[in-house]
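Look for chain A in each of the two complexes below; its partner is chain B in the first and chain C in the second.
Moving on, here comes the complex of A and B:
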């Protein structure tokens, strides 16, 4: 295991890294640093370039341009077997002719560890993913989720400096996935290796990560801690992709000197906003991001002002979602938004009922308007 | 074959499960061509079905049932045999037929114009020391050629299957085309290249690398191995290519990712995953090399003689059909044993990775 020369050398650093496949720009000038021992997630929709990024880090794709530093050293020319990284493949890529045990032992054996060391590490890794009972099976005799866990064990067992995981829990059921998430986080803390974790499940990313890079169309849209990403999305895409969000097109009103911005809501009311992303600075229209969980409903019009912003709405639909109830609403100018409430009694929320939706202005954010620009 | 039922019995009444075959016997189409083959049990589960209610889908089901229960009713029993009778007939006529003729010849006295009485002399003549010597050298030359072929074909198949990308199909076609060339023309081509005043010697002398022409280039074991290797290359590359093609590229990446260099990857992943194809390739290459008579005949001279050219000689020039037939049979038996052993080795080592 490489010891970092100093605390500040990142385990991995990408500088303006790009990958083109012919005309397809799979990864477009992304820059990021993964610190030693950090749990870093790449989050984004299908086809946004997550796997390609991982494959460049692992050494299977040569970057079209940009730099890739592994533990401070230029690494983009190193062959995969000389990199201190391991990849848990999205498609598992288990050796079909080897038992589960031999699959997991493959890496340690290449590292010329002693027999006993190999055996104990393999057992450890297989127990972690709850596959020890299956050690002597061939991959073809396993289910998809079981194969995925073996693939995970095969990567974990090596204790690399950076473990690259390409949707390693994608094939598991919700319960097992939750358990494995906790397990993964635990291992990552215990062993102290850096994780670069690819997922398109935003909840998973929020739960596990120290930091998240939200990717879209080959680019990093936002990079930050889960709290930052959830509470202060910088682009419309991030707001929409992470968690549920009401996106309301508004006109930007007063940009007062103290940094507080007010907007004109549909129906003509004005409201202050909590924060303004650079992407919406200086434009006349913008998108107001409002989380459904922050929206309260009331029969009476609440007092407007610095504490509360409100618009009149009509109940369109009430959807029971288990722990919460989602209420779809229609506001003035046909704007639709939803509120989610965990209140037990929602029997009085009849369709067609007129109410006021209100929220604390400090919990809203302004991002860029839609391309068409009609507020 | 030992079915007590007489042909002509209705399939439904002969069926031992007729007791719960109410639906089938109620079916008015029972005697019709197609539905006579409907399996009673399957439809009993569905309850009575009126013919008009049957959708085209059911017809397909019946057809499927017909095939899967082949051998139950009388017409069902014969259908598959009718299907395969043509290929079997062709094989028997053109493969087993000549063999049978050879078998008869090999046990006859002086097959051409002889009295045709039974003898083992042909076999005795076929195992004389000078022929056994050629047999030994045949085995050595064929094995060397096969090994060289495998060593060369493996990387070639690997690159075509997994590395060359869009050149994959053109390269395969080129390989297949190279085999389309008439073998005689190809062998004569080699002769002009390897001859005393051929291409290689001319170039070597013009470059001043050699002073006099090299004599060992042609009519030696070297030339036999060289031409055999070149001629049968497609037969080695194509099955290996097919075997490589079944390997998931990601699996090779995984090996590399886990610290295996290219040789380790080859030894621990590629070789085991292509083991079946490897054994198949050995057989596919070895048999035609052993039976190739044109190559040793045209570039082998006296030192590069092989069994197949001896057999050809016995048949075409010396008129010894009996001895030629006996030798052919011995060769066939040895080849059969080789094939069988290869098959057993592949099975015993449980290298079948087809799934």
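Moving on, here comes the complex of A and C:
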């Protein structure tokens, strides 16, 4: 299509947006852009301001400061019913006295669409979420997953510029949640509407999103694709919150030469690191981020150098976790780390056994040390 | 420990079970007795009166002198009674919608908006529910004579609104508070303004409670004696007519017959409305007991 102007303006743009409740700063000057057709997630722990951000976009909270652009237009003063956004509530908030059909038709009817237009849109939306057969049921007579679909259809049917979803799968059991995740992604790709998706489940965010904003304490800590966020965390918080991570306090050694940085590991060994985040740029100490899945175990000391970094460890615990086995280890200076392996036979990994943990330096990252200024 | 006899080797669990079962039986007995006494005290006198309205004797009491419809025939001829009945109906029919409107507005104000003196306003509105009706009646009388308003059915109506609309406020605001606030927000989010939200979402969801409130207000107004008595002047409502007729002993069986008749009609109407509400609610998957008793 050649509607170039609308395809270059972002569907949603937040500029230095803040929300204070009395002296609680719920959202602290966040800026981000959501492109047309993008699946964008706000990921963070409970209380970090995800819902508040979403409610400002939907129009239920007035920003304390900052700007909010919807399809390029200033939108922060519009009431919710005049915004081209729709919100899918965690509790679904279906109208209990209306059938599925009437629930979904509610938006189009308020928009004064013709009767036939309403009917065809409702059918489209309900077929998209595979709920057309249930059109005449009341919400009471639906399962949690089915209500979830209806809530989704009730938003999609209005063709909003942005569909906002506040932990929409939070009330479902794990298996159903996995199924719905795949379906949600599929639906989003098909309808091409931008989604802003709030979740505290990092796995869910990684699975679904085109891009993720990791939030903490009202601020965006890191913004990027799932791969960037998982593979190159820029802060200690992100590294810890997303996926499993060994966080090892190290001294920063040599910063010179070809731009590669080496660090001093506990026990005195040195190792190169893969990438250095701006948050640790100038400090003398830093935190080394090492994913357990990247740690290998060996009896013999591996050759150190540019290809391999290693420290001596002792096995502390072996935990069977189904598809993987997690091995908790203790290294020099009391440092603890874990390795996870999918090897079938781990019977020789007895507690107390002395081994070498080693990894490829390119897969590690350096972030700020424990007590840096970041709250 | 010594070895136990074979028959004692079974675990003591059945004994505990037996105790529980006995307790449960006791609890059931207490409950049934309580309900029976309540029912007897509440409905006993009414049933007795109803039975005696068919008694040939002019004295309401034993012995029973055989059945008759004589008193009912006499009641049909009591024009004063029928006039008062019409007055009571008219008042209740005007008072009920007034109370629903005032109740709805005040319930909204109290449960949806945060304003200064909200707590005080709430208590003030609900005050008539705890002030004795005798006091309300007397003060109404004094007030109307102070401002020089002639007592009539109109003044009765005004007083009925004052005593009955707080009941609607209480029932409706309890229901409003229980309503998921996200449902209201969802409606706004889907493009409905506040008025449209009220019309398509809030009022329909409150409808059962509004219906139940209407039944209560109607019967409060229709049956109220004490407030009407002080503020009716020379006009009669049905309860006032009943009271004044009680002073003439020979009218007693007639009053009794009429009262029985009216009670019967009221019971039929209320049960009818209740069933209607129940059927409508069940179609929406709701339980009437949640709507009324939960309020």
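Note that the second predicted complex is superposed on the first by the 329 of 375 C-alpha atoms of A that agree within 3 Å, B and C clash if a C-alpha of one lies under 4 Å from a C-alpha of the other, contacts with A are read in each partner's own complex, and residues count from 1 in each chain.
By our rule, contacts are C-beta pairs under 8 Å (C-beta built on N, C-alpha and C of every residue); 3 or more make two chains touch, one makes a residue touch a chain.
Since we're looking at a predicted model, the values are computed, not measured.
Visitor: Report clash or fit for the pair chain B and chain C bound to chain A in the combined superposed model.
Guide: Superposition result for chain B and chain C: clash.
Visitor: With the two structures laid over each other on chain A, which partner does A:86 touch: chain B (first), chain C (second), both, or neither?
Guide: Both partners.
Visitor: Regarding the shared-chain residue A:189, is it in contact with chain B (first), chain C (second), both, or neither?
Guide: After superposition on chain A, A:189 lies in contact with neither partner.
Visitor: Touch test for A:140: chain B only (first), chain C only (second), both, or neither?
Guide: In the superposition, A:140 touches chain B and chain C alike.
Visitor: Is A:77 touching the first partner chain B, the second partner chain C, both, or neither of them?
Guide: Neither partner.
Visitor: I'd like to know which partner A:317 touches here: chain B for first, chain C for second, both or neither.
Guide: In the superposition, A:317 contacts neither chain B nor chain C.
Visitor: Examine A:127 and indicate which partner it touches, taking first as chain B and second as chain C; both and neither are also allowed.
Guide: Touch status of A:127: no partner.
Visitor: Looking at the overlay, does A:97 come into contact with chain B only (first), chain C only (second), both, or neither?
Guide: A:97 sits against chain B and chain C alike.
Visitor: After superposing the two complexes, find the one stretch in chain B that runs into chain C, choosing from 1-9, 199-207, 217-225 or 343-351.
Guide: Stretch clashing with the third chain: 343-351.
Visitor: I'd like to check the shared interface: which positions of chain A are touched by both chain B and chain C across the two complexes?
Guide: Of chain A, residues 58-60, 79-81, 85-87, 89, 91, 93-97, 106-107, 110-111, 140, 154, 158 contact chain B in one complex and chain C in the other.
Visitor: Once bound in the complex, which stretches of chain A touch chain C?
Guide: By the definition above, chain A touches chain C via 58-60, 79-81, 85-87, 89, 91, 93-97, 106-107, 110-111, 138, 140-141, 154, 158.
Visitor: Give every residue of chain A touching chain B within the complex, in rising order.
Guide: These residues of chain A touch chain B: 58-60, 79-81, 85-87, 89, 91, 93-97, 106-107, 110-111, 140, 154, 158.
Visitor: For the complex, which residues does chain B have touching chain A?
Guide: So the residues of chain B touching chain A come out as 248, 250-251, 253-261, 264, 268-269, 272-273, 351, 353, 355.
Visitor: If you look only at chain C, which of its residues touch chain A in the complex?
Guide: 180, 182-183, 185-193, 196, 200-201, 204-205, 284-286
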